[in-house]
Every structure is written in structure tokens, then in C-alpha cells.
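In the two assemblies presented below, chain A is common to both, partnered first by chain B and then by chain C.
After this line comes the complex of A and B, so read on.
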């Protein structure tokens, strides 16, 4: 499944300072659908190069990270259980506090 | 935060142009008198001075009687003689109905000043009137707060409050455009109010020269209709949001760091509060600060301008405020994306249906402990990782250099920091790649051993003395037990040894 993953608010530092990643993610053998929980673990093992604890805590993203699926808060789409579709754009953004 | 011990609230007084002129005249006058006292003091100049004093006294009396006359004319409308107080309650003062303009409720001067607003079909007289009757509190007079306060003053909000305890520093000026060099060392709030007054002397300005904290937040925020969060740290953001929920005030929240910015309006039109979105604070290590990570000056400027816009929309009830949505700004790619965010959470501990968060709880809540980060951009928790024997002061290191004792100095700052300034003969191996570059240290040490015929020592330095401890901790466990860190890093070197060493 072709997806675009974007990292912002400093999270890009965890994946070689690259903000946009065009990726091809295979769903688990025997499963037809790809859910957000699968994408998170795929991302952690394939894109995150350092300090994985700055990306995930337990089985979800760490506090202070917003997840957006096609410009919509994942809490409005089903969170970890959201089923992804071809060409979806998933954004991981760390909240900023500076000023 | 640096606290300025000054009265908690000060109503801004007319300052700059008038007082400067007066001061100059006075000093000229004193100068003349001084010259006179040096010997040219004669009966005739005495008489001349007395005559001049009499003439000015008469002029003063005439001016005073004219002022009384004008005040009497104003009194029936309840406008004059009223003392400005720290509260932001707005009397009809802000929009006195004067001859022929009672129809709109805007004064002649207001129609002239805000004419371009009034020409907008989507804004017009009604929105301008609402704006002129609104009161807005800007928390933070920094990079975000600068354009916010300047635009809110310029556009004619009835009352503008600014709260901050910081003082203006040279390294603020690249982004905090409300301040000028002349105000370095002075209160940011005083400086900001002076600029706002210079832009628009017809609005009410309230100076709060103190940090917003749980002990004063309810009192200060309650005096305003709308709050703008222009702060630079995480605990303040939670505190301001909680306070706004308790007092039912809309909160225009902006943030900027590096080359990115974020903006949304909390607790407005059924939208979420900060805690609905971020019920748990991020780990302290994820909280980057402008003073550590840097920020391009114009980035908070862009977000601050947008905050001013959202505050104006909320105050004047025009358009669709950014509630339930968040604007994300990426300066490098020139992209602005607006995303839909969750609504108010029924389970939110602050604004949810069964929330038990009260003013009493708020006033005793420890936000710094909750977020594990300080209520300031500046103070960073200094690490204490190493035993005394693995540490050395910058002064002691200076002796080692002067005595020519064989050693190598490893600077573990990121490469772009090293380019700003570095100690002579230091080797740059950033902490992030230290693990894979131990061989570099090893061969440098061997070379130093060879050159001196003695056993060379290993010292590690960074900007403030935290990363150098982490590096020494790692090195001592990986084959370099003699490694020592320089306490306080380059900051301490510049402060205690070499005053000409650049600090940033």
C-alpha cells in the first residue's frame, strides 16, 4: 500500500531529518487491511533511526504527538483501529511550545 | 523567570515623546543656570529670570483654566477625570458619542483612524465597535507577543493587557520586534506598552510586569474577554488553558520553534481545551526551547500575526475562528496546512462533563512538576551525572592549558554550534555520533602521548555542561576512564576565563 508519511515539530529529527517519506507498506500476511497500529510499528522499525521513545510510548504515539490522517485528527477516525487506504497521507507532528 | 520587583499592575502613562522633550528643556535650563552661577550672575539676569517665571506662571494658569473648561464640557458624558485603573472594565470612554456620530457610536477620530476597517463589508462599523469594546490579554511579550500586541493596539481593541516578567535582551531583538535597543535591560512589558502607545494612544493599555502564575492568573485573566497565549514554555500553556476554562474565556494559542509554527483557538464554540488535545504532557526531553534549538525570527512573527487575526475575529464576532482546527506552518517549504482536530472531550479532567477542577485546585496545582519542565525558556535543569573526580572547572582547565600539560579537548556540540565559536585545538565530535567515533579520540590521545612523551588527559566540553557529562559518562564506560568534563561548558569558560569568547 502506497502511503505518504510526514514528520514535523521536531519528529523529523528521529528519521534522519527527512520530513516527507513516500513508502510502500505491506500488510501482515493473511490480513487484508492495514491499520494505524500496524503502521506505527512498521514506522518504528523502518523509519525511526534514533530515540524510539521520542516517537512511541507503549503501543501508541507518545504524549504530545498529534496524528493526522488526510489532515484529520486520528481521534476522529478511529485512532489505532483506523483502516488505512491507498495513497493516504499520515502526518506525525510534535506539539511546539516555543515562542 | 526573572522577576521584576515592581507593583503588580501599572497603568501605562504617557511617556516617550512628551517626557523626552520636557527632560531636554529642563537640562538646557539647568545648564544655563549653572553657567550663570559661575560668575555672570548679575542683578539684571536675576530680574530677567524672575520676569520669565512670572510670565510662565500666568501661561500655566491660563492653560489650566482652559483644561478645566474642556473637562466640564466632557463630564456629562462621564468621560473625563475618571482615573484609569488596572481593571479592564471599559466605560463609554472608549467610544464617546460625539457630535454627529451618535448614529454609528464611533467617534470622529475613530472613523478616520479605522476607516479602512469600516470600508470592509464583512467587518464594518459593527465589528469595529465590538472590537473597541473588547479587552484582550496577551501573555508573553516575546516573539509571538510582539506582533500580537502591535496589531491589537493598532486595530483599536478597547483594552490591551500585556503580562510578562522578563527584561529585554539583545538576543531577543531578532524576533521580538516590539522592542528596540534603547529598552535593553528594561521590562519587556514597559517596552511593549511604550511601542503600543506610540502606535495608538487612544486605547487603554494595562501593564502587568510579573510572571503569570497560579497565584495571580485567575485575578488577572478575569479582567479580560479574550486571552492570547504567546508564552514560550509548556507548563505555562497548561496553566493558561486551565485558567481560561475556569473563567470561560476563549484562548488564542500560538507556538513557534525553529522553522515551524502552530496555531489554534481553544475553549471556544464547543472546541477543545489544551488538555482535551494533550491530556498528558510530553516527556521533558521532547520539549525543545528556542534558546536551545533556535528560531528564525520571522516564524513567530507569522504565527503572532495570525494570533492577532484570530483574536480580532473572536472579539468582533467575524468569520470562522480557528476552533476545532489547527494551523500548521512550515517555513522551509512555505506550506500552511489547516487540519481538523478533535472537539471538546466529555472525559476531559478540566472542561469535561464530570470535571472536578476548581479554582482552589488550580491555585495549588504545580504545573512545573506536572510537565517536568520549568516555566521559562531560559533555565534548563542542570544535570549532575558525574562524580567530582570526573569533573574540572573552566579555571582549572585554563591552568592545564597554560602549564602546557598534554591533553586533548573534545567538543561534543552539534557541528553547526562548533562553527559559531570553538576553543583552540578542540576536536568536534557531536554527542549523537560519539559512539561511532571512539577511534578518533583514541588516535588523538596516542598522538598527544607521542608528542609529549607523557600520558595525555582527555577533557570534554559542550555549550552548558550537560551533554559533556553524558559524553564523559559514556566514555568512562567505554575505554576512557580518565575522561573529565568541564563544568558549565563554554558558558563558564566565557564567564570565568575568557571574556572575549562568544556566547550565544
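After this line comes the complex of A and C, so read on.
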């Protein structure tokens, strides 16, 4: 599945200072759909190069990291259980950096 | 971003309409109210709430010259943008300008100042930059070279507070506005409780401070959630800078921050509730509070003979950088420190009114 992932608010520093990543993610064998929880662990192992604790805490994003799927707050889409679709744009923004 | 195949599959957010206009697709969930609202309604409620806070608290008077403390970070960028909008829309009659402090941190502040310079042009607000080098004779880079990476945030925080005041005075400002948001204030309430700092605990929830001084400061974002500020900046595509200060962040504040964020996830109202609790603290009238005087050297407000900045500066200039680090208790604090010149290795007296090192808000 082709997806665009964007990192902002300082999170881009965890993945080589690259803000936008165009990626192909395969869902787990035997699973048909790709959920946000799968994408998070995929992102953690494939894109995050340093300080993964700034990105995730437990099985979800670290509190203070905002997630938008196609410019919609993921809290409205179902959070970790959101099913992703082809060409979705997922944005992660940290609010934890200074203001 | 609209779903083309909405009819084919009942997809996640489709069908969820904004609970205010009932017409457009909801784009975010408000932490304050848990409402699901669209972008346009979000802009309106976010700006209207700040306007109400400004009006209800009589933050400004027409004709005032107001310095927007601008670090280039998210809060101050959104603050500059919203203040400029509201000033025009509601005829506040304010003479707004951006005020930035250059701490002299290569690779950090020089980059964020570039962001502020872009804001200057975009928002049409004049910019004034005051530097540590000009005010104190030292850049943060030089200070770190001398004292290392321990306690450097104390220097930075103390110096920044005065730098903004001095810059504002130089520019003949009547007021300073800072981008402190609800999350910051809740965090400061908790920190002041943990540290048992009663004087600051009572002050930290005030929307305006320093009213008895020459240039009061106020926080129009006192009730604005960080999530909404960041969402606002994202949707409006405001240009802000978000790199962590290269000189380690303030760990103690970091713990409080993480705790607040954990609470918010469980119950978003917790942030406003903590602010409310902070506002309701009352100190027994029998409690002896430190008296506010002025620094004998520079005239800045201080409860000691020398203000913290002068004390720290004296230490730097005399090659005793630990002077002024640690708590000073009672009016003899300064004298004791100066006489003994001994380092006090207690918890460093980081400036709790300030955010972690590198940010410009107090």
C-alpha cells in the first residue's frame, strides 16, 4: 500500500531531518487491512533512526504527538484501529518542542 | 482530502459532520469540549475564545504599544498571527511589534531568528532583536564554554527574562504578550507545588503579571490548549521553527510535561482543572513572603540585594560561575553567597516562570 508520511514539529529530526516520506507498506501476512497500529510499528522500525521514545510510548504515539490522517485528527477516525487506504497521507506532529 | 470513494465503503471519518455548523466534515476533536468540529469553525472558536479572554480580562487599552515575545516557535508564531488578526478585526488599536532575544546559540537561535524575520514580513509587524552579547557581554555559546552543560539553562532562563524586559523598555512598549498556553501553565502549577514554591505558585496562574512594574506581561493563550495551537498552525500553514535547543532541555520540566500529556490523554479537561486549582490556592496571611525590592546594581525587580542576572553575571565575570546557582534563602542569601563563594550544589534554581531553555516565552 502506497502512503505518504509527514513528520513535523521536530519529529523529522528523528528520521534524518526528512519531513515527507513516500512509502510502500505491506500489511501483515494473512491480514487484509493495514491499521494505524501496524503503521506505527512499521514506522518505528523503518523510518525512525534515533530516539524512538520521542515518537512512541507503549503501543501508541507518545502523548503530545498529534496524528492526522488526510488532514483529519485521528481521534475522529478511530485512532489505532483506523484502517488505512491506498494513497492516504498520515501526518505526525510533535507538540513537545518549545514555543 | 475529500473521500472520493465514500459511497463504496463506509470510511472512518466520513459522515462525521462538524457539531457546530453541521455542514462540513469534522477535522479535529477539541480537547477542551470534546466537540468534533470542522476547520472553519475551529478557526472561529479558537480566535473568538482568545478575543473573549482579552476582553474579559481587560488585557489591553487602546493605543498601547505591545511587544509580542517571538521566538519563532509554534506558540509565539501563532500568537503573533492571532494578535495581529484580532487587533484589526476588533479594533483594539494596539501598536504591535515582535520582540526576539538572541541568546547567541549557533545552529539554534540563528535559525529560529530567520523564522521570526519571515514572520516580520508576512504579518507586517516590525521586529526588534536584543542579544545576550549586547546586554550581558556573553553569548550562551561562550557561557557554555565556561560553565559546561550543567546549570546553563538557569543562566539562559534568568537572562532571557530580563532581556525581554529590557528590549521592551528600549522600544518603549507598554506591555509584553507571551505565548504561554494552558499546558504550560498547568505544568508550571505542578512544578511549583513539587518545589514548594509558594510565591510563584500564587503568581503563575495570573493572566497578567508585573502590573506594579514598568512593563506588565500577559498571556492571551492562558486557556488555549497546545493541541489546538499546533493544529491551528498546521491548518493555517504558519511557518514556525521546532528544533530543540542544542543545550540539553530542562529534564525536571520535561517530567512534568510528560505527566500533563499523560493526564490529557485520559481526561483532556485535567489541564484546565489544574489551572483552576492553581488559581484557587490561597496563602495564609500569616505566611511570610519574600519582599520585592530592586537590584542595587541594575534596578531590576528583585527580592534580594542583587537580582539573579547580576549575581550570575558577577560569577561569570569573576570566574566563579557557580555563584548564584542554587537556592538563596532570606535576604542574606546574596551576601552569604558572595562571602563564601562556595558552590551550592542544591537543585539548581531554574527559572520556573520560563519554559525550557531556548524558548522565548515566560
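Some points to look at:
Methods note: the second predicted complex is superposed on the first by the 95 of 99 C-alpha atoms of A that agree within 3 Å, B and C clash if a C-alpha of one lies under 4 Å from a C-alpha of the other, contacts with A are read in each partner's own complex, and residues count from 1 in each chain.
One rule holds in what follows: a contact is a pair of C-beta atoms (placed from the backbone, for glycine too) under 8 Å apart; a residue touches a chain by one contact, two chains touch by 3 or more.
Fair warning: this is a prediction, and the values are worked out from it, not measured in the lab.
Superimposing the complexes on chain A yields a three-chain arrangement in which chain B and chain C clash. Of the two partner chains placed around the shared chain by superposition, chain C is the only one that A:85 touches, whereas chain B remains out of contact.
In the superposition on chain A, contact is made by A:93 with both chain B and chain C. In the superposition on chain A, A:52 makes contact with neither chain B nor chain C. Residues 8-10, 62-64, 66, 68, 71-73, 75-76, 91, 93-99 of chain A contact both chain B in one complex and chain C in the other. On the chain A side of its complex with chain B, the touching residues are 8-10, 19, 50-51, 53-54, 62-66, 68, 71-73, 75-76, 91, 93-99. Chain C meets chain A in the complex at residues 1, 3, 11-13, 16, 25-29, 36, 71, 73-76, 179, 181, 183-184, 226-227, 229-231, 234-235, 242-245, 257-258, 261-262, 264-265, 355-356, 358-359, 361. Of all residues in chain B, those touching chain A in their complex are 140, 142-145, 230-234, 237, 254-258, 260-262, 277-283, 285-290, 293, 295, 300, 303, 326, 328, 330, 333, 337-342, 377, 432.
Listing the residues of chain A that touch chain C in their complex gives 8-10, 13, 62-64, 66, 68-73, 75-78, 82-83, 85, 89, 91, 93-99.
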